[in-house]
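The chains carry the letters A, B, C and D, assigned in the order they are written, with residues numbered from 1 in each.
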Amino acid sequence: MRVGVLTGGGDCPGLNAVLRAIVRKGVPAFGHEFVGFRDGWRGVLEADVRPLDIPDVRGLLPRGGTVLGSSRTNPFATDDGVQRIRRSLDDLRVDALIAIGGEDTLGVAARLHDEGLRVVGVPKTIDNDLGGTDYTFGFDTAVSIATEAIDRLHTTAESHHRVLIVEVMGRHAGWIALHAGMAGGANAILIPEQRFSVERVLGWVESRFRDRYASIIVVSEGAMPEGGAEVLQSGRKDAFGHARLGGVGDWLAQQIESRSGREARTTVLGHVQRGGTPTARDRWLATRFGLHAIDAVQAGEWGTMTALRGTDIVTVPLLEATKALKTVDPALYAEAEVFFG
Amino acid sequence: MRVGVLTGGGDCPGLNAVLRAIVRKGVPAFGHEFVGFRDGWRGVLEADVRPLDIPDVRGLLPRGGTVLGSSRTNPFATDDGVQRIRRSLDDLRVDALIAIGGEDTLGVAARLHDEGLRVVGVPKTIDNDLGGTDYTFGFDTAVSIATEAIDRLHTTAESHHRVLIVEVMGRHAGWIALHAGMAGGANAILIPEQRFSVERVLGWVESRFRDRYASIIVVSEGAMPEGGAEVLQSGRKDAFGHARLGGVGDWLAQQIESRSGREARTTVLGHVQRGGTPTARDRWLATRFGLHAIDAVQAGEWGTMTALRGTDIVTVPLLEATKALKTVDPALYAEAEVFFG
Amino acid sequence: MRVGVLTGGGDCPGLNAVLRAIVRKGVPAFGHEFVGFRDGWRGVLEADVRPLDIPDVRGLLPRGGTVLGSSRTNPFATDDGVQRIRRSLDDLRVDALIAIGGEDTLGVAARLHDEGLRVVGVPKTIDNDLGGTDYTFGFDTAVSIATEAIDRLHTTAESHHRVLIVEVMGRHAGWIALHAGMAGGANAILIPEQRFSVERVLGWVESRFRDRYASIIVVSEGAMPEGGAEVLQSGRKDAFGHARLGGVGDWLAQQIESRSGREARTTVLGHVQRGGTPTARDRWLATRFGLHAIDAVQAGEWGTMTALRGTDIVTVPLLEATKALKTVDPALYAEAEVFFG
Amino acid sequence: MRVGVLTGGGDCPGLNAVLRAIVRKGVPAFGHEFVGFRDGWRGVLEADVRPLDIPDVRGLLPRGGTVLGSSRTNPFATDDGVQRIRRSLDDLRVDALIAIGGEDTLGVAARLHDEGLRVVGVPKTIDNDLGGTDYTFGFDTAVSIATEAIDRLHTTAESHHRVLIVEVMGRHAGWIALHAGMAGGANAILIPEQRFSVERVLGWVESRFRDRYASIIVVSEGAMPEGGAEVLQSGRKDAFGHARLGGVGDWLAQQIESRSGREARTTVLGHVQRGGTPTARDRWLATRFGLHAIDAVQAGEWGTMTALRGTDIVTVPLLEATKALKTVDPALYAEAEVFFG
């Protein structure tokens, strides 16, 4: 079989490890040939390919990012997208597709499968908010990097009697904040799933200062104060009276400083969370996803994707990933609250 | 309630995180008092204790090892062990015990529970070979350290056209070797569950050298060649004709050198695998084990231990941990074989 | 002798290692007693002290920050500052002071020495911009952290065909940017010592994209475009027409996006650069500075500070640190330029 | 000019960074062409080359080892070695050589220079024992790795009340042991430059146990007890009465166990110290050595090598590196002794 592979959406540690595993198993075990599409669905639409044989995946296991490149191109955004994809696959004699990506990429994959194309998916998200799988690769790496940053910030907070706020990834789900906050010994964790009360945060901070302890607060980029986005914008004036734009972390620091008189600083971790070499665990998960994805192709399990369940890799319908966002359960968040303040 | 806590067996990253979580939840949520027994069951036998209140667990989350100390003392090795433990708990007014440890420690805990003591367990093993739980804390850290070592050895192997052998922990189960070998891109992984053929290993090594590639072989300390322990001892003569003692890694290097003429070197990772700060994931798991252990005490779930199932922490009978060693499934090992040679 | 010790200014990995070395040598070798002043000169002014004996420095070597706390209090900002310091030292029977800090802290130390106080200094700056010494501790740690971040960003830049900008510390000197940029393989390095041309940066970026390569640009927080601060403010309007505040990194990303149409993103590393455990090299340097500082006290070399010269630790007049900022030599910067574009 | 480059001796983090810098500067700045000789002097003798142009050095900066390969081949071991080298260089039209290596490699380079060949050297040694330069690249990486291992072992030593011995590289000089031992907070450091007394070591260990503290001892592989090699061999019988071979670390553990009754364990760090990605500092040093080496070629400074002096890179006669081993000065070792016991 001739199999096309693509990676879509934001980059993520482990993508290259998936590619390597697919090729390292598919060639000798099943005699497959592989074609790499450049930059996600854009490469499929434009038949823009690069070789993807065993020598091409040598050394890829520890490398972050994706050698195929990525994009957010959506073939359903144009009328003839599906048609162009069919033509492209025909021209390149590609029999099946493995689409590695998040909600958008897998959503496209599911619709193409409905159109009769032979597609298998591999779920990918730093944020861990895809359904159908216990975890996705890249998440453990992001949590590790964020935890290491929190470890580093503790000593600065203590030396300067400050509140340090760490803004981590997670627009819609607080998984990175929750895991890294727990692992890093944060004194408060604020996530998108539950609006936070600035008063309560101030209470924690003050009670700690009374014992001479500084505070570390971990906040998801998508966390929201009570009152919502409106509150987040209000009162954010710079020295010239202009509204300041910035994340929730900056906003919270400003609130703490103005209402408690304590020094507060924010660090926005940003892109470093999604780059670089994957952790051992993410390499393991990504490699196993790759191996099982090519097994699924061989078995003709079209319209499915690989998923982790406990210690097993299984295949589930592509729709499981995209039907609903996997958010942090209130009970799990409550476990962490014992450490707040 | 007054709760005694002990850590037994080999040290393991995450033990301190468990202690911290138990105390940080038990004191405010349930009003428990805590007593730390020094050096595992020895401390219980000898009523040797240290304070274990909230200030005592401050800063423990990222610290490896156990502030309680550990030992391999088995109270059932002496006739009056159980009697002394009862007396000790009475004297110290300890109502319940949390025993954090591996096969031996939890085995003792189970027998004490049979004797009517109120005991809850927390499973601990670097080797990941305890039943009843998907993973144990400390394992991810060990795998990370071993993987990082393998990453480093790749460049030396390539620069010198050598075979480099990495001997990792795992006397009875190959989990560390399998995970670190997969994550590190090993060219062969040898585990205790399956005797290995030196000829087959030589074949892989030679086929790689034909393509100008060096080889990395990851081997569990408990791996065994076909023929068993006898073969491992034979022909191991030093320059003076004396038998050499040493691990399977050294033996394999000697075999490869003498039979292929290629340079082979062994690195025995040893204790560095079990020390130091836990990974973010192990801190998460250890913390949750601690939180659920004190919940189990509060709920009176005596004779149980905490366990990871998928993403949930549950309690299972202590016997699940000790009834059988959790070894690597042949099908899982077979997944890795596609990367050998 | 009874010796007071203080740490002033921003925290820095290695401060605790200096404290430990001073005490670990001073007590047994010279029979000194030590007093730790809290929060820099504030603690001296207010006679706010904490114990600083051998048990108090146990375990400090690998810990970032300073257990003494720090502040930016300047005793010369008040009229009676010197008088209060004299009274404080008298009351506490302190015979000599070791002041560990940067330009401000050492400047105060020099003036107090002029007033007749017995003071020895230890230079400290993340930014490496103090004179009189080849390097200061903390700098190597900051460079390591920044380099690791750059390593991680490379894969994201490549996967998304983007320009990624990393803003690092360095208000007046480009040492961190230069070292981390060289070590991280940056495609451009912009430092405060030399105004940069946006056109030239755009030229490098475009020439790399022509070969399908993304770009990483490392920029000191104090770097300045040609035209200076005015240019930096101009045209920085948000959606509402308000001026945006933000660093040079954000400004540059905006310029690149608007003038080249390429995606550009900025990561501001911030406080993580100055926190956490010191590198081995910084622990070595900090420890040796501590050992030599107490030797200088014993030898009565008042008004001096420790300094690194090649592989030797020497003492130099305090004024050497503060008389002029140590900036990046144009010839050294020119060495790096071969890698730009 | 057409310049041949080779890397000889043991591999070392930073070799690839030197290669990259040479080519990245030599091609655009001077119009040089480059030829890479495979496996040190063997490649020169056999005219075994690989391309070494700008695309060939892409991505090499963070990679450990050497893409040229290495060997310990000595062209002066055969009668016609020099003749074969001349012929090889003539055939390949190579005008000048850059030899990157340690004592042996640079010794050959010096003799070839005496024979009239145009050679420039770059010093390389993990052990830091080459003269003429403050430091060599690779050393900082080795020290970092050893320090990280020591950090990890502390918690195990404490949890189990053990003596843990860490055997690090350094056959003739104790630089790695001294730096890593100081940075890791070792309780004793034993180096080849000064024979150690087992009684003194036992004294330190016992005095620490009296205060309930475990011990970490860092020992160079070349350290030697009083009495010398003979003592090291005596009394090393295994269970069968056979002499045991093994390093000084194993021997010392045995001595401590048998004479104090305390548990002692040894970890031999081995090859992990020399592999993998270089530290930021080593990348900086290696890159600058590469830049200055090609400058020296351009300037015709034959028979010299690059060297670090303070913060400057200079060129010195090749003989400076090889005329005498750079060992640890007794005064420097004495600085560390304050931390012993």
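We adopt the following convention: contacts are C-beta pairs under 8 Å (C-beta built on N, C-alpha and C of every residue); 3 or more make two chains touch, one makes a residue touch a chain.
For each chain, UniProt lists the protein as follows: A, B, C, D = Pyrophosphate--fructose 6-phosphate 1-phosphotransferase.
Only a predicted model underlies this, so the values are computations on that prediction, with no experimental measurement involved.
Seen from the Cα centre of subunit C, the chain whose own Cα centre is farthest off is B. Taking each chain's centre as the average of its CA atoms, subunit A and subunit B sit 30 Å apart. Chain geometry summary: the mean Cα position of subunit A and that of subunit D are 41 Å apart. Counting partner chains per residue, subunit B shows two or more touched chains at residues 148, 151, 277.
If you check each pair of chains against the touch rule, the ones that pass are A-B, A-C, B-D, C-D. Contact residues of subunit B toward subunit A in the complex are 24-25, 28-29, 61-62, 134-135, 140, 143-144, 146-148, 151, 179-180, 182-185, 277, 279-281, 283-284, 287-288, 291, 309-311, 335, 338-339.
On subunit C, the positions that touch subunit A within their shared complex are 7, 10-11, 13, 15, 39, 63-66, 69-71, 145, 148-149, 151-156, 158-161, 164, 238, 240, 242-245, 265-268, 270-272, 274-276.
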